[in-house]
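Below are two complexes that have chain A in common, paired first with chain B and then with chain C.
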Partner chain A sequence: MSGGAVSRSPAHTAVLRLPGGRTLLVQRRTQRANLLLALLLAAAAVMALSLGSTVVAPHDAVTALFGGGDAVTRFLIQALRGPRLLAGILTGTAFAVAGCLMQTLAHNRLATPGIIGIDNGATAFAVASVLGVGIAVAPPAMALVGAATATALAFGLAGGTGTRGYRFIVAGIAIGALFGAVTQLMLARVAIDAANQAYPWTVGTLNARSADAVWVLGAGVAVGLPAALALARTLTVMRLSDFTAQGLGVRVRACRWLSLAVAVLLTALAVAVAGPVGLVGLVGPEIARHLSAPASVPVVGAALAGALVMVLADLAGRLLLAPIEIPVGIVTAVVGGPYLLWILLRASRMTP
Partner chain B sequence: MTAAGSNGAPRVGEAGTRMRMTGLTAACAAVLALACLASLLLGAGSVDAGPALAGLLGHGSEEARFVVFELRAPRTVIALVVGAALGVAGALLQAVTRNPLAEPGLLGVSAGSAFAVAVALTLGASAATLRSTVAQLGALGGCLCAIGAGRLRGVGDDPVRLVLAGAALSSLLAALTSMLLLVDQRTADEIRFWVVGSVAGRRLSDLSGILPSLAAAALITLAIARPLAALALGDRVAAGLGHRPGTVRLLAVIAVALLVGAATAVAGPIAFVGLVVPFAARALAGPDIRRTLWLSVPLGALVVVAADVVSRLVVQPSELPIGVLTALLGAPVLIAVVRARRLPTL
Partner chain C sequence: MNRPVTDGDSRLQADRLGLAYGRTTIVRELSLALPDGRVTAIVGPNGCGKSTLLAGLARLHPPSGGGVVLDSRDIRDLPTREVARRIALLPQHTVAPEGLTVAELIRFGRHPHQGLMRQWSAEDERVLAESLAVADIEALADRPLDALSGGQRQRAWIAMAIAQQTPLLLLDEPTSALDLGHQLEVFELIRALAASGKTVVMVVHDLVSACRFADHMVAMLDGDVVAEGPPAEVVTPALVRRLYGIECTLIEDPVTGSPMLANPRRPATARS
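Up next is the complex of A and B:
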């Protein structure tokens, strides 16, 4: 890859020359897919800014976002819709990248944080934090503890049977059910107003996000996305088999732990913002994988597709039954559920 | 249970099994009676066990008698009926799909039932009248979805995959149900406490609506118990013994729909009972479906009554939905079954 003169690239790829004489092999199809997803995301973002109970022309919305236009529009865009859009993009990115890493790691298409109970673990601990059960630490930190606990449980219990098959997923669903029950238990114990305060976490919505949590998530994505990109090339090799990867010089254990840590971090911080919107972590990577070149682990594509799904789902939730708002978690469940069923009922191929 | 052996040796074994079954049944009944007593005496209200016992025996204060006979007795009876129905439904569904993980709550049968009720209420049907019929139709739909998925190539061979598909269907239907609740405030108020699964605040009159269908389901179950046992040996063997596998399966599905629909109509969707109860019954009495079905009646009732008592006690003065407790009980069982190297074959 580096050093020697690269005269011709293999078919369907291009060589990207970076400053400093380094070169990077990129898949043309993946590039096209990422470009398409980025354009779609931009369009969805403009729609999310301009549509709602008050419709703002797209041009005015973008102007207001950058500080132009009249005061009312500026308030609407900068204080209300802009932060919500940002939260949507960040959570979608985080869920989808975490899903992509975990699918690759477990050699299992269905092993996304939302399905194997990691979301629910994070939710249970975040709700505990909101309700002041036990120690009062900020929700993102508690969500991190919960996600790590659920991950340890899921992968620990999978020890005997491995993570490739359906059994791992069912064990994960059971873990999710356990944490869901614990969440209900805590909500039943507290006074009604405290329960109302914690309720958004249980359905998944962008309506009740706290600004602090969004900032923490932003920092998490800023760390996690480059880490995932750096891991993606190694993970591509690890998709073959652990022995092959080892033979090619990959430090399999270190790579696996690191990917798991990044996935847990991103999931937990995203749950602290939006609650369990788990199916984004399945749908985002799947879209990216369909569009991208088959050889690679499509981290960038998954990030873009996840953000796109999240923004569109939130927009649909705001518009469909206005003035009632459908929580984004319900929208993704209604859209992602049939897709999940379709995977389950027809799939012969389980490894991503 | 009276397949007479032609020589002496099996007959001794059979007599032993029968004694074992009698003992097990008696033990289950005794524990169940204790649980019912606890359900009558303990509770979140201001009446403690002592005054409640006095009330139960016919003296004691007016308040104690009211609490015991008007509040706690109906919910105990309903918990008994709902638990027995769900336990038997789980055992039947597992026998029909030959899948030890098939559970009405997990496969989407309860969710289908709840969704059907939510749709009916949104369309303007008033609560109590149609609820049980609609719930049973929804349960039938959910059953047929699960059976249809089990017929697909690849899915039916793998019990775990069928459960996954069912879980996906359940969560989809749950999302649709909550969407309906968001749309229609009136519906939401009517069934908000029902969709979480609970026996609190139910009246005995709720029970009278479902008794005919429960009786029908019981008759069907009695009629198909023997053919189901033959079916466990394979369709050809069953056909050779003079049973019609297709008819037996259809009847079993109808019975499951009647039982789950009735239970859901009264208590809302309660998951995991149909998994835990047949699992325990098989562990106690062996793989014969007739014994599993028989023991599922007291065990199912026991699980739901006990869950109801605990749900009143842990978060006093408020109450916990029963579904939370059955999930706490059932999820570890599910993990244990899935983790076993070899799934038990039915």
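Up next is the complex of A and C:
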């Protein structure tokens, strides 16, 4: 700088001035990334509505979505592809925002709900509810109980070291494996028809969703996403260190518990809809972080990227081997697995 | 350079403070008043509880007994954000996310003054520019932290603490990783902050620097204060022996007059 104490906002940011002296700080790069992701998501959504066993022209698909066009197309879009698209967007958003929160919380990119075992915990309980093993409660509620149980166990076994460090992750992986085994055991012990009904859940699919579960997830996202946005500001400070963050006036414990609760809620409700498509929770935030400003916690970007990945993976699953449908969980595993390996091989940039 | 402590005003005090990690007691029944507007140096051997005391004073380490009094109130009764508006603490080991720039780091210092709907005010902007100027790192504002030298990085962190705009500034070994030139830069910055009215408390390893740059010295051993007062009065061969187990001769710095250690040696019994 040349001219003395020039008044300046931090680099690469813009200040939004709202009435009443309110100000919001916006990272320009993050804003551009979000715009790009939103456009891509819109394009993917139109594709998801248009493509399938019957191809509908994009314009007709959008018209039908808003109640125009002929009755057959309207049924196809409004009753079949539309709800499935909505479920994809909601689950992708929920998994990715939960992943983003957990990664930031744990200071580790591998600490997503899918790897910590929260997905598997939720799945085991949801499957139990579908099979009628034990008490029969609605799958979302059971999934929530399962997710909370898995998280609590991972915490307990990590021995009070909190969400940081490898003990938590290793404990979580073990819990996930256990719950996965419990799910398989339950499927093996019930009648084949019941097992067939619950099976898609254990792989991850948008085909077997219940409308109720989607509504519950919608409500969960309506609460969880604003909460995550509000927490992001504080979580950004917590990226320094707990000690420093506390010195800057952050109530570290409260912030951590709240973030964890939001992550568990979003994961559980998403699992109740689509099963354990955990890799979206890893890939979504990763894409967002890659595109966004380095200093931020990209909640909006993760939500958009997660929805994008989910919608595209589901679309690929529907189209690739048509008329046979590949469950979305398998598509994300095939794409996400190598991606995970790539992250591991680039281990020098481990901390988010 | 140093100013003697004359009046007894103190906004930050420890009152029979006890600090522990689990069952290991680090600090036991320690009482201390930190003089306002002065630079206080806390010295003592490794593991004597200096850093723990600093964390305890900033409410970052919960007391196991007694308490800390900030502006005549028990510090535990104040909201976290309120404490952060009055006390800034710079830890010895700092970590920043990769790629974070100096200006972004300093921005974090404004956190206790901001809210969800007040993320960047004109005041924040003014303080950011001022903090950069005071720490003399204006040219580095947009550089990533990991691309700076140790001395520059330390000044960026101090600038973050300055941006917090607290009357009290606690620094844990602010110069420990720096070479002599950069140490001087940081100490001079600390003196300038005290001259502008801030109360500075720093943990310092180097006794000579502590003597030269502090108005008030607190010597700690095994979690207890063993001596307190103006450096020239506190530092004696007996204290050096007691703190560090070494013999030395004290001489006066021919220019500044502050105490210096000459011919430090381990006592004959320890050498055998």
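Everything that follows uses one rule, which is that the second predicted complex is superposed on the first by the 334 of 352 C-alpha atoms of A that agree within 3 Å, B and C clash if a C-alpha of one lies under 4 Å from a C-alpha of the other, contacts with A are read in each partner's own complex, and residues count from 1 in each chain.
As a convention for this text, a contact is a pair of C-beta atoms (placed from the backbone, for glycine too) under 8 Å apart; a residue touches a chain by one contact, two chains touch by 3 or more.
Predicted, not measured: the structure shown is a model, and the values here were computed from it.
Superposition of the two complexes onto chain A shows chain B and chain C fitting side by side, with no clash. By the touch criterion stated above, A:196 is placed in contact with neither chain B nor chain C.
In the superposition on chain A, A:340 contacts chain B only, with no contact to chain C. Legend: residue contacts after superposition of the two complexes on their common chain; A:294 is shown touching chain C, with no touch to chain B.
In the superposition on chain A, A:178 contacts chain B only, with no contact to chain C. Look at A:330: by the touch rule set out above, it reaches chain B but stays clear of chain C.
When the two structures are aligned on the shared chain, A:251 is found in touch with chain C, with no touch to chain B. After overlaying the two complexes on the shared chain, residue contacts for A:54 are found with neither chain B nor chain C. Of the two partner chains, chain B is the only one touched by A:157; chain C is not. After superposing the two complexes on chain A, the closest approach between C-alpha atoms of chain B and chain C comes to 18 Å. In the superposition on chain A, none of the residues of chain A is touched both by chain B in one structure and by chain C in the other.
Interface of chain C with chain A (complex): residues 55, 58, 60, 80-85, 87-89, 91, 94-101, 103-104, 107-109, 111-112, 116-122, 125-126, 128-130, 133, 138-139, 141-142, 164.
Interface residues of chain A, counted against chain B in their complex, comprise 110, 157, 160-161, 165-167, 169-171, 173-175, 177-178, 180-182, 184-185, 188-189, 203, 321, 324, 326, 330, 333-334, 337-338, 340-341, 344-345, 348.
The touching residues of chain B, counted against chain A in their complex, run 101, 149, 152, 154-155, 158, 160-161, 163-165, 167-169, 171-172, 174-176, 178-179, 182-183, 196, 271-272, 314-315, 318-321, 323-325, 327-328, 330-332, 334-335, 338-339, 341. The residues of chain A lying in touch with chain C in their complex are 1, 5-11, 13, 15, 18, 21-25, 230, 233, 236-237, 239-241, 243-244, 246-251, 294-295, 349, 351-352.
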